[in-house]
Each structure stands twice: as structure tokens, then as C-alpha cells.
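Note that the chains take the letters A, B and C in the order they are written out, and that residue 1 is the start of every chain.
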Amino acid sequence: MSVVAHREATTGGFWSRTSLGQKQLIWAWGFLAVPLLFYVVIRFWPTFQAFYLSVTDWTITKPAEFVGLENYKRLFADPLFWQVFRNTFVYLILGTPISLMISFIVAYYLDRVRFMHTFIRALYFLPFLTTAAAMAWVWRWFYQPVPIGVINDVLAGFGIPQQPFLRSTTQALPAVLAPAVWAGLGFQIIIFLAGLRAIPVTYYEAARIDGLSEGAILRKITLPLLKPTLVFLVVFSSIGFLRIFDQVYNINTNDPGGPLNSTKPLVLMIYQTAFSSYEMGYAAAQTVVLFLILLVISLVQLRLMRDR
Amino acid sequence: MPRVRPGRIIAWTLLFIGGVIMVTPLLFMLSTSLKDASQVYDLRIIPAAPTFDNYIEILSDGRFTRWFVNSMIVAIIVTLSNVFFDSLVGYTLAKFRFRGRYIVFVAILSTLMIPTEMLVLPWYLMASQFGWLDSYWGIMFPGMMTAFGTFLMKQFFEGIPNDFLEAARIDGLNEFAIWWKIAMPLVTPALSALAIFTFLGNWTAFFWPLIVTTSAELYTLPVGLSSFAVEQSIQWEKIMTGASIATLPTLIIFLFLQRYIVRGVMLAGLKG
Amino acid sequence: MRFRHLIASVALGVATLAASGARAVEIEYWQYVFDTRVKAMNQLIAKFQEANPDIKVKQTTFPYADYQTKVAASILAGQGPDVVQLFYGWTDNFIAGKMIRPLRAEAFPAADIERDFFPIVSAMKRGNDYYGLPTAVRSLALFYNKKAFKDAGLDPNNPPKTLEELIAAAEKTTKRDGSGNITSAGMTLDMTGQDHQWWREVLIRQFGGTPYTENDTKVTYNDEAGLKALTFYTDLQKKHKVGQAGFMDEGQAAFRAGLAAMTIDGTFRLGSFGTIKSFEWGVTELPANAQGVRSNYASYFANAITTKAEGEKLAAAEKFLAYVSSPEAMNIWMEVVGELPARRTAALTPENIAHPIYGPFLKGLEYAHTTLFKDELAQRQVAIDMVNRVLIGNEEPKASLAKAAEAEQAILDRAKR
């Protein structure tokens, strides 16, 4: 049966050797039995079911009936969907580069710092351990207008006019994004630090002997060798930003995704369609679209990063 | 002796300032939780007259302790389950040779491509049909095993020399014992990384618990906090106290286990 | 033989146990979490159980935000309540989902209901059937900060009576810092609170329009009156600058912090404002227009019997519903929650009408309107967005109003199907 069994069958007594292989086989499938059942019932079956639900008109109160591509047609004709689609990508396009840029710069310099290294690293890492739902409330408070808003109070101290933040269609999305970037930095910095550590010191020494400048070392040695780390972080954080929900939901509970839907991401639209309007079939179609977006983005990124 | 260059000092100072900015929201959260309603609009970081009244009031009402316990139960059970099953599957895929191994591996790995959000509606349907809504099991069942953990553990088990396992086999240990007693202790760093990630992920999880829980008695901390904050009709000192209660446990754990946690994150990030 | 006896006696024992267990019927009651409501209901349950020792009532509560979904999901899963509290605006949803059943006419005759209750209860009627009864009703009023009035040189015992006086008082009480930012508002603007009701059922009517026709299935506010009403509202921020949407996050929070002189809110806010210690506040009827026309928005949570309740549970549920909509229950509810009795005789006592706080709310009840929402959340969102387009997006009120009318009509049409 298995490779091991075949190889060993030729060397020793036929019966006893085969039975060891078979025993191995039984052990292996025995170990896998419960997990496989789990994956089939909790992962694969629901995946197919999600596709199926997306072509039905299931609501909480009404059993599912097949409606063809009706949900998709409705979705693509809904201006709200396109707005939400745009928002979701703005979260991604702003969030990923900004957070990676900051975390790389911090990691690059932190790597060279010895004095209070652990302490400073801890300062950056702490936000990663917080609960997004809780911190959204802290940020919500920060963004208030005067007299209670911390940020506007600081701005007023510098004589800068007060900003509307969450009460603006242009500033609200970056304002909601900030806590997500903030909370993710610690993780990315740690991963970058690990990546930087993994680069052999001898490379740098050789480069310095060759008289390369710090900038050239960064460009020619550090960045290329960091590529696997970078690929991982780009894909990982992109998926995170495309699935943003906790912050958006909590930072504006009275008008989630507002004002005027300017901060609403796809996951919030799914949540509202499913659990405020009970249109489960329609929501399922939205989840399928989310799945396709994530799939395409990950594939494109992996492709781009590999080719370069 | 290398002299300290001014560039270094500037870099250090900037890094330090950046770090302080990073924890500013946490400091404000804590400081406001120690203020009473009349001091909330005084935006000083050090409260003029610190008081624990908010904590006493919130904790004495009992709900937060309940949510805290719920979160603990859920996060610990899911973590144990992941540590057990993910490593069992990872080990099997790494160390056994049998037909179908590759298919199983690819099948499990392929679930990484499927966002939870897509499964949430079928899970919800499943939970309501089986009566799992509003139960611990309902909160936990989707996360009992993860492809990420399985993949991570497989990577680490592949690094264990087969000789170790063969020797144990010759000693007459059965396969389960070989895995549990020989292989598992060799990958403890990976196990702790997996445990840290799973625990943190479940401790902070919001989306699924929000959907699946119905009664306040079964809320996890994030969901409880969110509903508590809405109910407080914007009394910031109360909300900040709730947020502190939800956030402090992980921060305190971090202070004690910083080395392991950072190493765990590095391991998971590099191999994952 | 002996063995058979044994079995028989065991079986008998089990049967008796089961029977005695069944003698106390347990029914479940659900409502959303709100401290005083839960307390009041606990008192009602205690009194009811005292009078009906054979019935046990178990109360379960959920946060308001998820309440509807949770109720729907549980009832359909065959769990859930026997008696459920629902917002009158959800009735259509609950009937369509076969979640609640009509009240039996023998137990709750329609003629009696219509004689004893305020007319807004008719929102629970479909055809000849009533689907639920409220314990209490709620209306809107203008809350004002007496200290802020005094500080601004206004008479704290003479709150604004007309919309014009409202603006004048708001202008006097608004405080700004050196850069012109509002530090204390004259009037709160919060569409996510009660302002959308004020706009819909009060302002539109006061400017000569009607928000809807045909049982609230046709939007009719996209006209001169609707425009005037919207402009009046948005001008509070844009022209008079006496308030600012989002100031202190929520209007009620601004008022409670003493940083807003006036706010429009409902009876249900009395409990929360009751804890204010730093200043004295008063309540007055919603301001009339120049011609003296007044209007108000009234709403209520009704208690209904679910389709899950059958047999003796149904009988118990009916008894319980009858009790929680009795005058005695209404008085307890008013004392604990501060909401007004839904029965006229219980509400309109001379004592209540003269009451400085209940009085204005009760007067409002007499000319109040009730919107028959199809999808309360979605319709509220339409109003929120309409105002946001003007205040944030600087859109012309006329264009924004037209968009709102169209969006709301689409919601109503979708619900009809």
C-alpha cells in the first residue's frame, strides 16, 4: 500500500512486515478520522452550502427557494454595493502600504537599537494584544469634537481648526482605518524583526567591505532577502483589511458604516443584510463575492511578488 | 569601543516617541477609567482624583465577570482543541506515508482560502437547526481546528528526525504514544506559538460570537463590552472602564510572558 | 409477578411525577434589556405569580440591537418565548414570519380594547384581529436645562412654546469658543435618536404636509411642506448654528453632561435623566408652529403571544398578557419605568395631567401620530442619510429630500411584495 510498506515488505517476513504497514495505515486514518469529519462538516459542506444559498431567496422566516442569479443581479445593480466595494478597496489600498511602510521603518531602526530594545519593542507590540471591539470605543472617543475629543483638543492647542473625523464622508474612513493599522503594527514589526535577524551578518560585512552605502545595502541586500517576509505580510495584512469589521461596527453604532455609508465595508454589508434585514440568500451572494475578491487579491499578490 | 553616533541617538529618540504614541490610547483608556463623571472632560492623563468607583460599579453588577469567564472558557477549550488536533493532523501528514496523504493535506490547506464570513451563514443555519445557538459549543465549534495550525505543526514535525520515532517504535511504543510522548515535547515552541495565536484570536473574536450568542449570559467579553457600551448611552468613563477590563488581561499576560509571546509570533510568522 | 408490580409502581411513580411537574405551567417572557423595564417586569411577574400560583413566568432579556433577529431565530428553531415584547413597528414582520398569533376575541374583545386604550393601539390591528397589547406608551417632549436657561438670562419656568421661540432660546443658550466651535449647544441635533420621528410626524405636519398616505405605504413628504420641515431642521446647524450633529456623540449625552440646553426625547429617557445631579431640568410639550398646530409621535412596545404557545401554555400566556395590560400593571410600570399607561383611564388622572413631567407627555399623547413602519431601521436610516447629505455633503435640501422619498418608497414597496 504505502511506500514504507512496499520497501519493508521486500526485506523481511511478508506477513509481519505488511501488517506493520497496515497498522501504520490504520493509525494514520485513525488519527485523521475526527479531524476529517470536522473539515467535511464544518468547512467543506458549509462552503458548498454558501454557494447554494446565494442562489436562493432564503430569509430567516421563509424557507429557501431557488431564484437563479437574482441575488447577484440585484447586488450588481445596487449602488450601495459599489460604494461598499470601493470602501473595501480603499481600506486595503491605504491600509496595507501605510502599515507595512511604518512597520518596516520601525523594525529597521529598532533592529539596530540595543538600549531598552525590549521595552521599546513592547510599546509597539502592546496594541496588537488589544481587543478591536474595545479599542474602537477608545478611538471613537478620541475623534469627538471639542470639548471632549482628545485629538481635536490637541489640534486646538496648536491653533488648528477642529476636524469632523467620523462626521465627514472623506475623513471617516481613514479615521476608522487608523485603529486597525495601529493594532496591526506590532505584529508586522515583530515579523520584520525576525526577517531581518534571519539575514546572515556576513552579507552585511561583505557589503561594507565593498564600500556600499547604507542605502545601497538596504536596496541591494536587505529588501531582496526580506522578500518572503514581505510576501507573507502583504497577503496577511491585505486579507485583514479586506475583512475589516469590528472597528467599523463599534466606532459608529448609531449609524454603522456611516455617515452616508462612507465607511461601510463588505463584511458589514453582509452582516446587515443577513442579521438586520434577514435577507440570508442575498447576504450569501455577498459572501461569495467577498470570497472571489479575496481569492483574486491573494493570487495576484502572490504572482506579483514572486515575479519581481 | 564604538562611539554613540548622533544619528543613533536621533533614531532612538524617534523610536521611543513613536512607542509612546503607540500606547497613548491605552494610557487614556486607563486614565479615564479612573476618573468619575465630573472629571471626564478634563483630558489630563494623570487623573486629578483617581477613583476605582467605575471598576467597583461595573464588576459588582456581575456581568463582566460572567463575560470574562465565558471568554476564558471559550478561548481555553478552543486553544486546547487546536493544540491537540492541529498537531495530531500535522504530525500524521508529516510522518506517515500513505495513499491519500497529499490529497488530505491539500484539502485541509484549501480551506485557508475560504473566508469565515462565507461560512457564517451556513454555520448559523447549522447552529439553529441543531440548537447550538446561544451555547458555548455554538461559539466554539467553527474554530475547533484550523488549517493554519495544522500547516504550522506539519512544518515543525517535518523537522524531527525519523530516527527518534523509529527508536521509540522499536521500544514498543504505540503510534499514539510516540506522537504524544516523543514527538510533541520536541515541538513545544511551536505548540506555544499555536496556543498563543489561537487564544488571542478567540479572546478578541467579535464577529461570530456576536452572531451566535443571544442572551447576555453567554456573551464573550468583546460582544458584552460592545452591548454594554451602547447601553451606557455614551458615558465615557464607564465605557473606558469596560474596555480596560476587556484589554488588561492580555496585556498583563504579555508583561509576564513577553519573551515567549514574541518568539511564538516570530515562529508562526516565519513558518506560516 | 412481583417484577411486574415493581415496574407498574415505577411507571405510576414516573407518571405522578410528570403530572405534578406539569401542574405548574412555566411560560417564558422576552423583552430587551433596559434596566428599569426589567425591574418593572420582575415586579409584575412576582405579583402575577402570587395571584396565579400554578403559573411560573421566566423572563429573558437581550440587547435592543439584536433583539428582533434573536427572537425570530429562536421562535423558528422551536425555542423561545410564549409571550414576547415587540415594537409596534415590527408587527408586520412578526406576523409574516408566523411568530405571533392573533389574540382570541373571546379573551380580548376588540370593542373593549378600542374603548379603553389610546387610539394608537390600532397599529396592532390587522383586519379584525389584534396581535398584541401595550402596557405603556411613550411620546416625545422637549427637555430643557433650567440652569442653562437661567445663565442665559431666560426664564427657567417659561420654556419655548413655539418653533420660533425654540430657535430664539437656542441661540441665547449656545456657547462657542474663540474659533467658533460649539462648546455647549442650544439644541441637540441627533437624527439617530428621536429627531427623525420629530421631523417625520411633527415638523412635516406643522409645515402643512403629511408624511405618508394609504396606511403609511406611500411617501408624500416630497413637497413644499417636507422641504420646509427639512430646511427648518438643518438650519438649526447651518444657519442658526445652535447645535451640531455628532456633538458629544449623542444628543442625550450632550444634554446629560449639561452641554446642551434643549433636547427632544421620549418618556423612556426619564430614568436616565433622573440621575442628573449637576443641574435641574424641565419638560415641556413639543413646540407648536406659528398657527398653534401641535403634533407628537407616540410609540409603544406591545406584548404578544407567540405561535409557540399551545394548550395550557397558551391559556397561561393569555392570563399573563391580560395581567400586564391591566391598570394595576400600568401603574407599576409608570412608577418604575416612567412610561405612560396605555389605558386612558389609568393615564388621564387629574394627578397625572398636572404632573410637571408626565403632564407634557400626556398632553402630547392626545394629538400624537404613530408611523406604521414597514422596516423601522431602514426607514430611520433614510432619514439619517437625508440629513447627513445636507449637513455633511452640503447637498441642497430639495435634492436630498427627493432622494430620501425615493429610497423610502422603495423600502415600502419591497415590504409589500
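Following the convention adopted for this analysis, a contact is a pair of C-beta atoms (placed from the backbone, for glycine too) under 8 Å apart; a residue touches a chain by one contact, two chains touch by 3 or more.
In this text the structure is predicted, and so the values were computed from the model without any measurement.
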| item | value |
| --- | --- |
| Chain contact graph, described as a line, ring, star, complete graph or other shape | complete |
| Higher-contact pair (C-beta pairs counted), A-B versus A-C | A-B |
| Where chain A and chain C are represented by their mean Cα positions, the distance between them in whole Å | 40 |
| Computed distance of Cα centres, chain B from chain A, in Å | 15 |
| Sequence positions of chain A contacting 2 or more other chains | 147-148, 253, 275 |
| Contacts with 2+ other chains: residues of chain B | 41, 230 |
| Numbers and ranges of chain C residues touching at least 2 other chains | 65-66, 73, 76, 248-250 |
| Of chain A, residues touching chain C in the complex | 60-62, 140, 144-148, 156, 161-162, 164, 166-169, 253-255, 258-261, 275-278 |
| List of chain B residues in touch with chain A within their complex | 8, 11-12, 14-16, 18-20, 22-23, 25-26, 28-29, 32, 40-41, 43, 85, 88-89, 91-92, 96-99, 101, 104, 107-108, 111, 113-115, 117-126, 141-142, 144-145, 150, 174-176, 179, 200, 203-204, 206-207, 211, 221-223, 225-226, 229-230, 236, 239-240, 242-243, 246-247, 250-251, 254-255, 258, 262, 265-266, 269-270, 272 |
| Contact set on chain A toward chain B in their complex | 1-4, 23-25, 27-29, 31-32, 34-36, 38-39, 42-47, 49-50, 53, 106, 109-110, 112-113, 115-116, 118, 120-127, 129-135, 137-139, 141-142, 147-148, 150, 153, 179, 182, 185-187, 190-191, 193-195, 198, 229, 232, 239, 243, 245-246, 249-250, 253, 267, 270-271, 274-275, 280, 283-284, 287-288, 290-291, 294-295, 298 |
| Chain C partner contacts - residues on chain B that touch it in the complex | 38, 41, 128-129, 131, 133-134, 210, 214-216, 227, 230-231, 233-235 |
| Residues on chain C engaged by chain B in the complex (per definition of touch) | 33-34, 60-66, 70, 73-74, 76-77, 79, 248-250, 252-253, 256-257, 272, 278 |
